[in-house]
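Okay, so subunit A shows up in both of these, paired with subunit B first and subunit C after.
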Partner chain A sequence: MAIRLGVSLYSYREAWYREELDMRGCIRELASLGATGVELFAGYQNIGHNHPDLSDWEIARFRDLLEEFGIEPVCFDSMFGWSPHRGRELTYAEARMMVEKELKLLSRIGFRFLRMPYYLAFQRPLMADCLSMAEYYGVTFGLEVHAPMTMRCDRVTSFVELIEAKKTRFATLIPDLGIYSNRLILRLRENALREGAREECLREIDEAYAAKTLSVLDEAKLSEPEKAYLKHARSQVMDDPELLVPLAPYIGHIHAKFNEVNAGGRDTNIAYERIIPVLQRIGYDGYLCSEYEGQAYYQYGKYGTYAPEVEQVRRQHALLRSLLQ
Partner chain B sequence: MTTQLMFTEADVAYEWREGLLRGLAISLKNPDGAVELSLVEAIEVELNGERFGWDELSFTLRDETYSAGLMATLTTTRWEYGERAILHVPYTYIKYGSMHICLTLRFCGGMRGPLSFTKELCVDSMRLSLTKGN
Partner chain C sequence: MLLEKYMLCDEGFHNLFDEHGETRGFQFLMRSTYYRSVRLSLIEGLTVKVDGKEYRREQIRLTTREGTFSLDEMTTMPELYWEFGEKAVVTVLEQDGLGRGNNEPYRKLDVTLNLRVSYAFKGFSASVCKLVRQEC
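This part shows the complex of A and B:
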């Protein structure tokens, strides 16, 4: 089976906020792209009130909507796990119950993957306990490999060891392709220039990022916008796509992160032209779910413009389809 | 962006009941991820320099109205991202000219931890009383 395309509705979170897209509008847009899968990001576009305690009616309404447009539920990005109680954390039993409720819900809807909240991924006893629940409900736990993590970081290694130790099919890695940022975010650079950063300093940071020598830059000589750009550079990762090869058996789902696809159809930040051939070579046949995150650079730029989310996702799908041919 | 659109001029109205002015209602959108009502630490409003603390306000979500004290105990009712709630402010004056509104919303937990959002806005007082009264 070939690589399939989907969209994380996180991509449309500002259009949702501005009430330009509701759930039906989002799903219709996905179908118009030719996408066949949807990913939901908890806390932004929930299916009903008080997730995961949804009514039968709310679940049925969502399933009917997906069926109407030929879209399948792929992955649910859980963010829950914080304590709703002021002044204390969740107890082990409360956390376990929250995970079980979420697994049960996703099973009823038909989601295949649960992108774990990080609190769960690194609490080994709870994680191990939850894996047996995942098997029971038939939902696979996914650890998102998001910058500044890389495919060779300790957390990934440790998670793979857990999968091997448990001999489970219900745990997987979810690489966020933002870990292959071969250039810093262009719009952030433009914002820094508008705020008074010097071109030569930004160029020096760009060059140090490309050479992986950011740690030796002299921060003291930088102005505030330049320091902010350097901080951004230090949060980015330029991992080697070839590192996907040995981890291929553990990759069940992928977040196709992007910040900008320009009018010429090129991603200005992430090296998709290097990633897709590797995914094809390893025989990856899961979803690439678009995850647009460029909104932040409009928002924080404070120039009063909204990110063109719908257009950006359309451009990324055109780019991905051209690379997948 | 979400803080800028937390409420706009069109979301502010006088509240009338039985012919009497009861206060100001602000239709307020949650500017961040879904959050339990217990984690809404405070909402404070300043109207033309007059401050209203959290204990003086009430909050309506999905037709249920809560006081600040009650909200602190509601650990299972979530205010969704972008969902509108009505904030009731006991401000019972109608004055000519513009009204300066400064609203601060504070969360003490949730998806991204403690956060605070502030929005300031000037609205035309007479427009509110003329268009929203009943």
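This part shows the complex of A and C:
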């Protein structure tokens, strides 16, 4: 099996919010891209009401829609919300029940992966219970490796130890490819310039980012927009794609994060040309689900424009297909 | 904040009349600016001011697809959601509505939404002040 392409509908969240795309519109767009998988993020594009207690009819309607366009459900990004009740936390039994309801829903729809929030992944007794339930429902728990995490950070190591200790097939890593940001976000840099940042200071930050010397950069002389750019730089990481190699058995799903693919078809931020060959070499045969997150950088001032979400995902798919050939 | 420019809708801001044609309040449309659907029980506060006049918590009702509820009622509703992007009707019960005889076409609407969210210690808060056209 080769690497397959999908889209997280999180990419289209503003179009959805503005009522320009409905579920059918989203799935039709995926099919037109030649994608075969869909990822959903809890609380955005809903399949039905009263999550996680969807009716059989709501689920059938969604499954029929996917079938019509030849799309399969891949991953669901869960956000449980640990404080639904005013004035108290959930009890252990309530939390476990909340996770079980989610697993049951995902298995009814046919999702293979549940991307869990960090607060669940590191609650060990609860996580152990969750893994036993996961096996019953046939849904795999995924820990997202998102910047500023890297493939060698403590959380990843400790999660891999858990997978080994439990000898389970129902827990996996989900790298978010934003951890391979070899350049800072271009549009953010342009916004900083518009707010009065000095070109030479931004260049210094860019160079320090590339040389991994941000921690020794002298902050005192920077203006506010320059400091904001530095803060952004410190939240980004350029991990080494070769570190995927030893972790290959633990990678079940991937978020193909991106912020901008320019008109020339190049990702201005993330090193896809370095990542894809590594994924092919390790024989990764899961999905790359596009996750467009460039919306925030379009909200510049009072005359901000909308991010071209649909067009950006199309460009990224064209880029990924050319690299996968 | 990402979605604040969408929070207060340009349409749907008007007086509310009873069957005798008397004003009994006013309504406007708003969307939650939290980045995903919200459990109704997470709504800690919704404050409304029109031209600087603030209304009491007990005067406010929120209508989503789930029904019309007071703020106190919603604190007990963890299973019901205000969906991402869903336009909810906010009703303020006020005998004088938007003010008899005030025919200014644009009124200053100032709204703050406070949510109790589990990973943010201080919760989530969004505040928007905007001139909105009064329809009647």
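Note that the second predicted complex is superposed on the first by the 321 of 325 C-alpha atoms of A that agree within 3 Å, B and C clash if a C-alpha of one lies under 4 Å from a C-alpha of the other, contacts with A are read in each partner's own complex, and residues count from 1 in each chain.
Keep in mind that, in the parts below, a residue touches a chain if its C-beta (ideal position, glycine included) is under 8 Å from a C-beta of that chain, and two chains touch if they have at least 3 such contacts.
What you see is a predicted model; the values in this text were computed from it and never measured.
S.K.: Are subunit B and subunit C a fit on subunit A, or do they clash, once the structures share the same frame?
M.R.: Pair status: clash.
S.K.: Looking at A:Tyr119, would you say it contacts subunit B, subunit C, both, or neither? Reply first, second, both or neither.
M.R.: After superposing on A, A:Tyr119 lies in contact with subunit C but is clear of subunit B.
S.K.: Going by the contact rule set out at the top, does A:Met79 touch subunit B (first), subunit C (second), both, or neither?
M.R.: After superposition on chain A, A:Met79 lies in contact with both partners, subunit B and subunit C.
S.K.: In the superposed arrangement, which partner chain does A:Tyr306 touch: subunit B (first), subunit C (second), both, or neither?
M.R.: first
S.K.: Figure out whether A:His51 sits in contact with subunit B (first) or subunit C (second), or with both, or with neither.
M.R.: both
S.K.: Looking at the overlay, what does A:Gly110 touch: subunit B (first), subunit C (second), both, or neither?
M.R.: neither
S.K.: Once the structures are superposed on A, label A:Gly25 by its partner contacts, choosing first (subunit B), second (subunit C), both or neither.
M.R.: A:Gly25 contacts neither subunit B nor subunit C.
S.K.: Overlap the subunit B and subunit C contact sets on subunit A and report the shared residues.
M.R.: 13, 16-19, 42-46, 49-51, 53, 79, 82-86, 295, 299
S.K.: Which residues of subunit C touch subunit A once you look at their complex with the stated criterion?
M.R.: Spelled out, the residues of subunit C in touch with subunit A are 2-3, 5-6, 31, 36-39, 41-42, 44, 65, 75-76, 78-81, 83-85, 116-119.
S.K.: For a test of understanding, state which residues of subunit A touch subunit C in their complex under the given definition.
M.R.: The contact residues of subunit A facing subunit C are 13, 16-19, 41-46, 49-51, 53, 79, 81-86, 117, 119, 295-296, 299, 304.
S.K.: Once bound in the complex, which stretches of subunit A touch subunit B?
M.R.: Residue positions touching the partner: 13-14, 16-19, 42-46, 49-51, 53, 79, 82-86, 295, 298-299, 306.
S.K.: Hey, which residues of subunit B end up touching subunit A in the complex?
M.R.: Subunit B reaches subunit A through residues 1-2, 5, 29, 31, 33-34, 36, 38-39, 62, 72, 75-78, 80-82, 108-111, 113.
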